[in-house]
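Shared between the two complexes below is chain A, which pairs with chain B and chain C, respectively.
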Partner chain A sequence: MNDNQNAIEIVDLWKRFGKTSAVGDLSMRVEPGRVVGFLGPNGAGKTTTIKMLVGLLRADTGSVSVLGLDPFVDGLAVRQRTGYVPEKHALPRWMRVSDAISFCRTFYPTWDDKLCDDLVRLFALDLGKKVRVLSKGTQVKLSLLLALAHRPELLVLDEPMAGLDPLVREELVDGILQTVGNHPRTILFSSHTFADVQRLADEVAIIHEGRLLTQCSVEQLLTRTKRLRAVLADGATPDAAPEGTIWQRRNRREWLMTVREFSQDTLERVRNQNRLENIEVIDLSLEDIFKDFIRGQRSTPCT
Partner chain B sequence: MAVNPDSHIPLYEQIVDHVCGLIAAGVYRSGEAVPSVRALAMELHVNPNTIQRAYQELERNGFVHTRKGLGVFVAVGGIGSAIRQTETTIFNRFVDGIDLGRKTKLGPARIETVFRRAMRAGKRSPGSGAKETRK
Partner chain C sequence: MHLKTLLWKDFRHQTGFLVGAIVVLLIPYVIALGAYIANYFSDQRVAEGLRFYEGASIADVMLASLLVAFFAGNAIAGERSDGSAEFFSYLPISKRASALSKLIVSLGLVVIILTFCIAVPFMFWTSGSASADRPNASEARVFLATCAAMFGVAWCASSFVRSATYAAATGLCVPIALGVTLALISDAGFPSAGELYWVLASVLGVAGVIAGTTYYIQRVEP
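The block that comes next holds the complex of A and B.
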């Protein structure tokens, strides 16, 4: 892989199931070495997109390139260089943990026995146990181990933390960090757990109804997305929401708006263009910002 | 917990404050090594890129310096800078408090009275035990 090639490149991607578009006109790219949190409400098209990335589904139109290859055409090559943890774990239930490991090991020329042993220890996996008796958390740990131990260039995780307790989630985060620490590795992971997203992600991509709403560094999103809370002067109506408003709501004299790329200029413009009693700037958490992006798509503007 | 991943403050900024606090408190002195990027990533359960970003910021502001292949060390004068940085953090929290008072239309005299009360309480019993309960 040459240095400036994107690890993932999706262009004008469409995927329909019957009359429903799961992914509609999605374009996004992931640079090598970046850890990207893939966010979106349920049904936004995250799993469908991920399945196209690992070659399990074929795109209707548009293109998907993973590590410079078409995952549907060069499936084996892509899978050997990619670690994938699906939303629904598909490990054979009758296998022992040790069998599952030796079974997967044979597929990957780059399998690292030492890393595998380290992860068995970190995750406290019992090699003799059958997959079917493992707890949900332990099954995810095994799934993650199998995705990490061949030192893939790209790791794709579909809601790996869903439904797990905070201790297990921390162990999984540690497992991922332990392997990314040595070699910078590209990761795309979908999640609804914003604390985990903040811990792991360099940037987030937010999708809604199969389209990309934004892709931006977590730091920039947190420092530049603000909520403005204005109190309108008597009889005044909100005239102009500033450029970059992603969501707004008016309730009697209170006018709330969430603005991306906020600066002091934004504040001055809102002050100058509307008759206001006062206005304040509120910091937002990643979860608040996510919700406002989605709510803004669902509601109609109030002006 | 040293960092809060649910906060509106970016993690790298929280990590800068965390390391600064440790230097200001004298946990790490001038010339001593601070934890490696990898070690701190594992300790705080945070992406090493974020730690790297925080260390770059600390280096840019003269708190630490990196010696290739050896690690990251507290810079000469790092403690003084860390104390000034901590002062800035305290200053900003005071400003937040004053803003809150002004928003609720408390006059400057009353805000100052509250401030003096907090100073007295903090001296009497240091730590968050000095905090008043909401009425």
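The block that comes next holds the complex of A and C.
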């Protein structure tokens, strides 16, 4: 991969299952070394996109490039340089933890035994136990160990922490942070747990119905996306929502709107263009912003 | 190095079936032992002791021919049904190496089991102590062709479906259906049709392995 090449580049990607379009005209890119939270409601096309990234599904149209390679054509090379933890952890149930580690290390020239040992200790894995007796959380830990121990250039995580208790989730996030901290690498991970996203991600990409709604840094999203709560003057109707409004709702005289790229100018424009009794600016959490993006369903490219 | 690891994995995957096969193949001998003991202590001995074991060994040959379909059927579909096919599909494993390993292991186990099962009645026949007639070349040909067809069809079905049971059942049914069809044609006035069985069954076996392997290599798991 060249220094200026994106770790992931998706252009006009489409994938249909029968008449249903799982991914529709999706374009996004991830720069090397970035940690990207891949967000979307259930059925948004996250897993389908991820499967196309790791070469488990073929795109109908459009192109996917991972580390400069086509994951479907150069599947072996991409998989050797990529770590993947799927939503469903399908480790062979008859294997012991030590078997799974020995088996996987054969296929990765970059396998790091020391890192593997460190992760075994960090996740408190019992090497002698069979996969079938491991709890769900421990299976996820083992999957993550197998994905991390070969020092992949790209780590793809598909809701790995779904359904896990907060303690296990914290251990997993610690494991990722520890590995990423020592050796910066690109991570794309989908999750519905916004606390984890906020802790791990540099940027977020939000998709809905198979297309990208926005992709920008977490910090930018949190500092520049605000909700305005206005109370309209008696008998007044809202004239115009400000530019960058991603969602709005009016309930009698109360007018709520969530605005991207918020500034004092935005506030002044709303004040000047509408007859308001008062207006207040409300800070939003990442979860609120995500919900408003999905509710609004408007594409607002990140500037 | 990769192939060695894959062979180990595929052997372990078949271990359950192997244990099951050994148990199934021991059953006729256990029954023979029971019959032998009952016969030994009865007032009127109806047969020599060896006859019971000879019968058990012939039953084992028949059972072994059926087990062929189970090993082939489990080779690919078994990993889909337990979900591990997806895990292996995102490891950097070449599909050709994976297919080769599965074929070597399942075919190897089948050959070992058939060899052991055929060796016992063969000893009876070569020692001259057998009561049953030694099979002629034509019967041996039909037996081996049936095994080949069961293996090939089950392997091919295994490559397409998610259930090892369905794949094995297909492997068992298709050669039987072929045999019954040819027998009916033969009875209807075309006696040469019956003689075609071993040729068609052999072709079916080889074609099944080729088709199943080709499809498996091209298929994106799971």
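Quick note on the criterion: the second predicted complex is superposed on the first by the 297 of 303 C-alpha atoms of A that agree within 3 Å, B and C clash if a C-alpha of one lies under 4 Å from a C-alpha of the other, contacts with A are read in each partner's own complex, and residues count from 1 in each chain.
As a convention for this text, a contact is a pair of C-beta atoms (placed from the backbone, for glycine too) under 8 Å apart; a residue touches a chain by one contact, two chains touch by 3 or more.
Model, not experiment: these values are computed from the prediction.
K.L.:
Which of the two partners, first being chain B and second being chain C, lies in contact with A:S263: first, second, both, or neither?
P.N.:
neither
K.L.:
Touching A:L56 in the superposition: chain B (first), chain C (second), both, neither?
P.N.:
The second partner, chain C, only.
K.L.:
By the touch definition at the top of the document, which applies to A:D174: first (chain B), second (chain C), both, or neither?
P.N.:
It touches chain B, and chain C stays clear.
K.L.:
Tell me which partner A:E280 touches in the superposition: chain B (first), chain C (second), both or neither.
P.N.:
After superposing on A, A:E280 lies in contact with chain B but is clear of chain C.
K.L.:
On the A-aligned overlay, A:C104 touches which partner chain: chain B = first, chain C = second, or both, or neither?
P.N.:
second
K.L.:
A:Q5 contacts which: chain B (first), chain C (second), both, neither?
P.N.:
In the superposition, A:Q5 touches no partner, neither chain B nor chain C.
K.L.:
Mind working out whether A:R93 is in touch with chain B, chain C, both or neither, as first, second, both or neither?
P.N.:
The answer is second: A:R93 touches chain C but not chain B.
K.L.:
Quick check on my understanding: which residues of chain A belong to both its chain B contact set and its chain C contact set?
P.N.:
No residue of chain A touches both chain B and chain C.
K.L.:
Under the stated contact criterion, what part of chain C meets chain A in this complex?
P.N.:
Going by the criterion above, the answer is residues 1-2, 5, 8-9, 12-13, 15-16, 79, 82-87, 89-94, 220-221.
K.L.:
Inside the complex, what are the residues of chain B that reach chain A?
P.N.:
It comes out as residues 5-12, 38, 41-42, 45-50, 53, 103.
K.L.:
Which residues, counting only chain A, touch chain C once they are in their complex?
P.N.:
Per the stated touch rule, the residues are 54-58, 76-77, 79-80, 84, 86, 88, 90-95, 103-104, 106-108.
K.L.:
Quick check on the complex: what are the chain A residues that touch chain B?
P.N.:
Checking each residue of chain A against chain B gives 35, 170, 173-174, 177-178, 180-181, 184, 194-196, 198-202, 218-219, 222-223, 280, 283-285, 287-288.
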